[in-house]
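Presented sequentially are two complexes of chain A, the first with chain B as partner and the second with chain C.
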Partner chain A sequence: MTKDECKQVVLDIIADIAPDEDLSNVKPDVRLRDQLQLDSMDFLDIVMELRKRHGIEVPEADYQQLASLDSCAEYLTPKFVALGK
Partner chain B sequence: MSLSTARIVITGVGLTAPNGDSLPEFRRHLLAGVGGVSRTEVHYMGEQLAGVCRYDALKWQKKKEVRVGTRAGSISIYCAREALADSGVVWDTVAKDRVGIYIGITEHGNVETENEIYNISKFNYDTKFWSHYHNPRTVANNPAGEASLNLGVTGPAYTIGAACAAGNMGLIHAAQMLRLGEVDFALCGGVSESIHTFGIFAGFKSQNALATHPDPLKASRPFDLARNGIVISEGGCLYALERLEDAQRRGAKIYAEIAGWHVNSDASDYVLPNPTRQAECVRAALARARLAPRDIHIVNTHATATPLGDIQECEAIRAVFGEGCPDTSINNTKSFIGHCMGAAGALELAGNLPSFDDLTVHPTINVDNLDPQCALPGLVLNQPRQVAKADTILNNSFGMLGINSTLIVRRFVA
Partner chain C sequence: MNSASHYDVAIIGAGMSGLAAGIRLAHFGKKVCIFERHNAPGGLNSFYSLGGRRYDVGLHAMTNFVRPGVKGTPLGKLLRQLRIDRDEFSLCEQKQSRVAFGPRGEASLRFTNDFAVLEAEVAQKFPAQIDGFRRLVAAVRTYDDVSLDAPAESARAVVRRHVTDPLLEDMLFCPVMYYGSATEHDMEFGQFVIMFKALFLEGFARPYDGVRVIIRVLLEKFRAAGGERRMKCGVRSIAARDGRATALTLDDGSEITADHVLSSIGSPETERLMQPWAAPVVGQVADLAASSTSWSTAQQAAAPIGALTFVETITVLDCQPAALGWGDDTIVFFNDSPRFAYERSTEQVDTRSGVICIPNNFDYGPGRVLPEGIFRCTCLASYDRWAHLPDATYHADKQRWYAAIQRSAQRFLPAPPASAPDAFARATLATDMFTPRTITKFTGHLGGAIYGSPVKNRQGHTALTNVYLCGTDQGFLGIVGAMLSGISMANYHILQKS
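Presenting the complex of A and B:
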């Protein structure tokens, strides 16, 4: 999986958990919470959906790695690759 | 006039029923004999008869609110918003800390708990897949709490658990709170999401109390000789309630005045009704309203179409109303919409309110062969009845563990 594909995985999850949001212009280097209406429960949703859909665990200590699309890609891509995806 | 004797009036109605999403639509269908029972898929049980509501949740909620919240919360929001709109109150000018939301529920949390168990069953019952929304979804105040969030109400917002007597209880409690001066404006009634829990269906089925019929629209048939149980339905109905002074000050349309009520308990059985206590409940409500049985023009029954329950309620009604009430018509709304559980009392009252204007009593439908034990004088069967007088409605709602509620409303006269 490439980093761009990883970003798309995260965007697909956000599309489901924040269905009122326009995701067409999400800036990858800006914190997601600074550009979308996302609260702490929504971030728990992202963690849950990564677990359910992709078998990826994000420990609480690493939640900050999900701050932006870029940081998501940096953090998650190796996890996907490690799973052979 | 002191608060404790203040007259309490209904100034708005918001509802969703299996056969209508507004009072005019609901009433039109009740007079035209249009029911709302259909079939729905239930976990583990396949297709079941049920009353399904088809309101537009996105009229008053964002998609995310619908996703995060519960069906009962969504129904509450829809009904509360519709009642507010109907009341004509200028919401921006209302002190939100003086608004109360009181919502009757039969149960809450079954749907969400069952859904989560179903969800983790797909993950070998590993609880790390259990939703972090489970607790806010299942707390008993959830339906009222979701409405408070949506409306920005900062006054008291909670539910009243009273089995299938709950719809009346929401109204009764609101009237009490208005008279205590706890709030100045109330949104109150009842809601139900019960068709989304297999447990309610399975429980009634195990009790041999779940209706069956090849035609869904004929399945709910209180007082019919061939009745064979309950059709479970979802729904909601919330009212705007105010003290008369406040309603008049803002020139509100007044649907009806709360005339009297009573709540009691059978203290006799988990599920079997007790006609003696039901009759006591009706008599006590009449006494509070200072009305005699013959003064009641419409009695809306609770009857759910169980073989025994209908007979027992008829026994209670016969004991109170007997033969000396020539102006009393008796009907049943569940024959159209099934049993809306926590919403039943509130919805069934709403369906009758327009009688004050159109002098028509909606019928009990689906009665092909009237059970002689249910042959009450004044029963309105299958076709609406024009009446000379419609000034009072007595609404019964009873529930498991023997909770009984009777609410009486009267035509408003200044």
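Presenting the complex of A and C:
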């Protein structure tokens, strides 16, 4: 999995969790919370959907790694690769 | 352990909160089963058939309505968390509602789903109070009402810091209390904020086919996510060892086990499952305005049974209510007393105040009207004076109070034309009435207490470490609040920890 593919995985999850958000212009280097209306319940759902769909575990201490699409890709891509994806 | 009867989570009650919790848990792979004693889902917001007609039980309107695009509100959170498309609820907005006080509704505040209407009404009718009202609204808007550990404070005390006219104070409290307060005279400010936002800053809506639309959506999501449901199969008792629930005994005598138990049936009702031999306490939290510490003191006590219960009459008409001159109002909150008394009724019914709901007066779209007229009235009642009557007396009392309630409520609506003073009676096709006794029979809520115990338990903890409360006694109010309660407790106690 490439970092761009990983960003798309996260965007797909957000699209399902928050279908009322416009995701066409999400800036990868800006915190998701600063450009989308996402609260802590939504971030919990991103974590749980990563586990449900892809078997990826994100411990609570690492939640801040999911702040932006870029940081998501940095943090999650090695986890996907480790799973052989 | 028999894996066929072991669940990750057992949920007690298929009402709004239990179903919402079930959807979350099943969606994230938990093996979950909802146990419901009644044959119909929905709990306090169910529906039934009588004489070939379908009636909604409790729902006047779904509160918390916001239009598409308004974000960060309870309705939006609920839709996201349950993966529901808002079109599935097909919500239609109210036309207008009123708070009408005085023997004939002389003092009146109109409100709609546009908050500016209420603000303008206050400015016009209480010009000396408008600045204070705006400060109150600002305090409501900035209050963190979803916090699970906010300090408790008397709502009357907070409101009086901003609004000094007792008439306006009571006119604001009347709808807020009728649509959710489990405490007499006063309420906790966090609860006031939830209801004020739900009613005034957000608004009222209803699906054309009523509450069954919402229940159907929840049932379908739960089923699609893999959840199990057992109807006509309540939980009779919870066995415990070392502070944990070990097994649930069902009404049919069989036993199941679960790692976690979420109970939506109420706090004293849940305690009773754990200790079926103990007598519950009936009580109230005393005089909140006088002591700001009484809330926290009360919360250390066991949850008493709520003192507030209601009767509701339903009248089916052969015409649209507009034909009787009642085509404008969706909901009317009325009171004829010098001070509004939200308290346990001393008589069987307290007809001094109440709520009128005319479901026809939602905007269902051009040319789309309900097939029959519906006229609902709700008043405070006494559980004790209804619960133990012999059947013949019970039915006679229902008829007598039905008439008294119509007389009281209709003072607050436009009078019939002089030429047809009996137009309402002549248009009546069918009537029904539920009492506190009906509520307890069908929902299991002790004391007929629709809004549950006066002591709310935000974190949902119980005496057993793996049993949690959701629904009314967790403290998020209204049907949107109930669903959010199920969601929050499933997240907080189970999903975030696994």
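We adopt the following convention: the second predicted complex is superposed on the first by the 85 of 85 C-alpha atoms of A that agree within 3 Å, B and C clash if a C-alpha of one lies under 4 Å from a C-alpha of the other, contacts with A are read in each partner's own complex, and residues count from 1 in each chain.
Methods note: contacts are C-beta pairs under 8 Å (C-beta built on N, C-alpha and C of every residue); 3 or more make two chains touch, one makes a residue touch a chain.
Predicted model, so just to flag it, every value in this text is computed and none were measured.
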{"item": "Touched partner set for A:Pro59, first chain B, second chain C, both or neither", "value": "neither"}
{"item": "Touched chain A residues, chain B compared with chain C", "value": "C"}
{"item": "Touching partner for A:Gly84 - first (chain B), second (chain C), both, neither", "value": "neither"}
{"item": "Which superposed partner A:Leu44 touches (first chain B, second chain C, both, neither)", "value": "both"}
{"item": "Those residues of chain A which chain B touches in one complex and chain C touches in the other", "value": "17-20, 37, 41, 44-45, 48, 51-52"}
{"item": "Touching residues (chain side chain C, partner chain A) in the complex", "value": "27-29, 68-69, 71-72, 76-77, 79-81, 83, 85, 487, 491, 495-496"}
{"item": "Sites on chain B touched by chain A in the complex", "value": "62-64, 67-68, 123, 128-129, 131-133"}
{"item": "Residue ranges of chain A touching chain C (in the complex, touch as defined)", "value": "16-20, 37, 39, 41-42, 44-45, 48, 51-52, 60"}
{"item": "In the complex, chain A residues that touch chain B", "value": "17-20, 37, 41, 44-45, 48, 51-52"}
